[in-house]
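The structure follows.
When the chains are written out, they are named A, B, C and D in that same order, and each has its own residue count from 1.
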Amino acid sequence: MTRPAEPAGHEVPAMRPAEPVAWPHGKSAAASFTFDVDAESAVLFGNPAAAASRLSVMSHQAYGPLTGLPRLLRILAEHRVRATFFVPGYTAHRHPGAVRAIADGGHEIAHHGYLHESLAEVDEAAEAEILDRGLAALAEVAGVRPVGYRAPMWELTYDSPRLLAERGFLYDSSLMDADVPYELDAGGATSIVEIPVHWGLDDWEQYCYLPDISGSGLIEDPAKAVSMWRGEFEALRREGGCFVLTNHPFLSGRPARAAALEGLIEHVAGCTDVWLAPLGDIARHVRGLALKPRAIPKPELRGSPP
Amino acid sequence: MTRPAEPAGHEVPAMRPAEPVAWPHGKSAAASFTFDVDAESAVLFGNPAAAASRLSVMSHQAYGPLTGLPRLLRILAEHRVRATFFVPGYTAHRHPGAVRAIADGGHEIAHHGYLHESLAEVDEAAEAEILDRGLAALAEVAGVRPVGYRAPMWELTYDSPRLLAERGFLYDSSLMDADVPYELDAGGATSIVEIPVHWGLDDWEQYCYLPDISGSGLIEDPAKAVSMWRGEFEALRREGGCFVLTNHPFLSGRPARAAALEGLIEHVAGCTDVWLAPLGDIARHVRGLALKPRAIPKPELRGSPP
Amino acid sequence: MTRPAEPAGHEVPAMRPAEPVAWPHGKSAAASFTFDVDAESAVLFGNPAAAASRLSVMSHQAYGPLTGLPRLLRILAEHRVRATFFVPGYTAHRHPGAVRAIADGGHEIAHHGYLHESLAEVDEAAEAEILDRGLAALAEVAGVRPVGYRAPMWELTYDSPRLLAERGFLYDSSLMDADVPYELDAGGATSIVEIPVHWGLDDWEQYCYLPDISGSGLIEDPAKAVSMWRGEFEALRREGGCFVLTNHPFLSGRPARAAALEGLIEHVAGCTDVWLAPLGDIARHVRGLALKPRAIPKPELRGSPP
Amino acid sequence: MTRPAEPAGHEVPAMRPAEPVAWPHGKSAAASFTFDVDAESAVLFGNPAAAASRLSVMSHQAYGPLTGLPRLLRILAEHRVRATFFVPGYTAHRHPGAVRAIADGGHEIAHHGYLHESLAEVDEAAEAEILDRGLAALAEVAGVRPVGYRAPMWELTYDSPRLLAERGFLYDSSLMDADVPYELDAGGATSIVEIPVHWGLDDWEQYCYLPDISGSGLIEDPAKAVSMWRGEFEALRREGGCFVLTNHPFLSGRPARAAALEGLIEHVAGCTDVWLAPLGDIARHVRGLALKPRAIPKPELRGSPP
């Protein structure tokens, strides 16, 4: 195959892969356990009518802060693992004791919207207002000014990086294009650290079932889910990546799921070659590396499709 | 992290976790096998046209009382296990012999609506009428005044606890926010015992497939379903919880599924540290503990979402 | 629990379980491998536009008669197993050589509609016309007058039994309320033999995926599907039941699926306590038992739901 | 069963099975690893709004060329396996470096539409224009004139074979009616080589999840997916077939999935009885066999369904 000269104007220069990341303390990879404390908010935003009539659905979500969260906090404490908890503002208002228990456990509390709003459907002003309401709720209830953010439904918008940078956030954890953190261009001369996630490292697809609201309709065995996550941990570990697992207390706080997750936590915590830390610590480390920011340009089609 | 003084007015006082439950006879955990005898009703409510033309669908549902139920009753008898059967009034009218066979086996018969009506879509007066029709059907066919209730589709409404208390019900088994039973505030000075359930301890998500009516489209191996349920039993057992499994005779009455379930029944019945009883017995025990009732307040959003 | 006198008028007398069936030759159970040769018809009826533009979809369906069927016929011949093939009239017209190869293999050819029409949506006159078109096609192409029928999509209507009896059919295989065959009341003094099936003994839910047309979106490993079917075979075998497996050449004719199915065929054929026969043979045996016909009355609701 | 004389006029002569294929170098079967480098295009065609607001979705797709592809190229290089990469024109324009890296690795680059357009919805003129835009993009970016084509979504139309033949394509790889390649009638006296694929040999059904865009909602363990694919490889190997696996870098480029796929690649590459080659090499071999072209006639219904 012959190849012509580089065609001018077609290269998208910033769309380059993330660089490998050097981990601290001589570690060869990083890992973080993260929990999205959605509780009622994950249902209320998309299904407000459920609040008025579906008591069972509300109780299903309340399991998270009431029953699942204490169990998970106990497990983390036993294995001396600090984690990151993404807390919607509404959860803080409805379950303030639960949120304070997270802080009391020495864990990081981060921002996860106010009512778990899917940002794919809101404009920039509304997104800004949601960010500010979430900040206010976390400050009011837990006295926390979070440095980290995760978009509800992992729906970061093209406005989000700038809005986050303007509010002093250090990092986001909602994108999926790399196995390691990087500096994400946030417009102007600013950037935020991005710590990528993935649907395959999330408990929602494995466990969530709420009729007419969410889920494939199937519910998986924790043995399958945790085996799959462990496989991804081992593969990322071999390659110097950053393993970020996302669990929801209303899902993974159930007894057998928590027990299976505990097995994984224990394993990861025992890997001396892996730096296990809250996302905030990871973000601070990455910020210290002064990486060149990457941009993910909005797709522009060259000519319209037929 | 510093924390401000407790913000006034934000605490939702009744939204506290269920208390641990002390089990009788020195047992450390409880378990109950429950069966929802939906038969045709589960299809007829949402798909009335199916009754007029879809004979195969009706035969699929009739398998429950005709073929699955006798097999399950035989298994329970062999292992001397008493279970709780939730029977819609319509099932009692269409399959009276089946319902009387349940009673003859020494099992508990409880209320499960009249036509398996999803209460998320009905108002309070209609819910009351359904409750009364179901009571009338069970009295007429089986001479039973049930003390227990389970909402069809596990769709308890905010009206349900009061309506149940007014009718003298001792317990409900439709909510999902705890691993143990508790007293559920039913308004006024009344309460009912709540014995929680969960979608992960239900055979519907594993086995049910009715084209255009229900199911993910996939059908799971009984080996997978029962292994998952057993894992949850063991985890609840270790933590002093109350294992409540829900099976449907039209699903789990099939030969290999019943055989796999029998393995679990035999295992649970053989665990001398676990109190295996019908839900009515469990509810009476819990009532005797005089627990302070919990409320699940209807979510109120502080300010409207943008 | 006390029980009142039998309430008059509520018993549905004909809705009794199927009786156990005595199998011939001292066998304790029966089994039959059946194949629905849907090919293009299963797609064309519900998605006629696919015929005009979706060549890949049509090729996916054509795999059945072109590639899957010869493989399956070879496997059946190697294990000297005679099976029943349900052939839509359209398949006979489009793939006459395939249909004749089935007959040449000594297998039973039975009726499966003309264009795999879902009868839930047609009236009695249309259903009669479809039956007659299917009969004409099988007579024309393969010289066969089938004694057996299976409703496409297993959607038997309340008219079907009478229409089948009027046309001299001996049996149907589309209902799901029993583990053994029985005589199904067909109106007047007539009846047909019913040989029940089940979604759990069907390859569609395990393997079928056609975007926008059918399938859950997941595709299962043959190891899982066949293990589940084998479990059901063993359970039915222990209980004297009749194992009827349904496979589609366009699905189970694929190499690894056919190989896994072959393992099951070999196993069943080697069970000397099981009578392995085409459905027609089983129906003739059951007819000879002169069982009392059962009816499945159309559900009538006592009073309308609120 | 008696059989009448062959009915005149009903035979569809060209609808005959593909012939067995003799493989070169004394090999008894063939295999090819293929990768569809969809990246953003697979989402943009059907969900153009996602480009404007859903940054996370775009990052999920960008993972393919940025992170997954380099990993897969490294694996292929380590095992000295040449593969075929189907590259939409839009991917070439947005990720030119990635496309050139494929060519630099000695792999085949083939055509996969411009914006991954589902051809089931476009007319012949539009399909022709898409083909030409895709050709222009691959020429411009990578200097490649591809000999192979795969329809996006595997949606070949009845026009496609002729349009491909007119543009000098040697082969297509989008149909599903055989286990071996064949000559596909392209109208007039022309034909193209068809190298069949199947949904069961695709990673999309096992791994893909994009809310509101694609996927069953479940995500499978790579252990399950690769075990199933290996089973199909072994079955095709035994029967002299052609194993064509389809992976997407944005899905199978994730660490544990790539590791599992590497195990399969290593296994296949080590089977000395199997000819492992890019599809282009396989097509050239098949063309040399001068097979008689097969047609897949558009279904014509004899009389309209009732």
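Operating definition for what follows: a contact is a pair of C-beta atoms (placed from the backbone, for glycine too) under 8 Å apart; a residue touches a chain by one contact, two chains touch by 3 or more.
Because the structure is a prediction, the values reported are computed rather than measured.
Visitor: Report same or different for the subunit B and subunit C interface, where same means the shared residue numbers exceed half of all residue numbers found there.
Guide: Interface between subunit B and subunit C is built from largely different residues.
Visitor: Find the chain most remote from subunit B, comparing centres computed as mean CA coordinates.
Guide: Centroid comparison gives D as the farthest chain from subunit B.
Visitor: When the centre of a chain is set as the mean of its C-alpha atoms, what distance in Å lies between subunit A and subunit C?
Guide: 48
Visitor: Please work out the Cα centroid separation of subunit A and subunit D, and write it as a whole number of Å.
Guide: The mean C-alpha positions of subunit A and subunit D differ by 34 Å.
Visitor: If you look at subunit C, which of its residues touch at least two other chains?
Guide: In subunit C, the residues touching two or more other chains are 216-218, 220.
Visitor: Under the touch definition given earlier, write down the residues of subunit C that touch subunit B in their complex.
Guide: For subunit C paired with subunit B, touching residues are 1-4, 6-7, 10-12, 15-18, 119-120, 151, 153-158, 160, 174-179, 196, 198-200, 205-206, 215-218, 220, 224, 227-228, 231-232, 234-236, 238-239, 241, 296, 298-299, 301-303, 305-306.
Visitor: Would you pull the subunit C residues touching subunit D in the complex into a rising list?
Guide: 40, 44-45, 50-60, 62-63, 66-67, 70, 90, 93-97, 100, 103, 109, 114-115, 117, 122, 126, 129-130, 133, 139-144, 207, 209-211, 216-223, 254-256, 258-260
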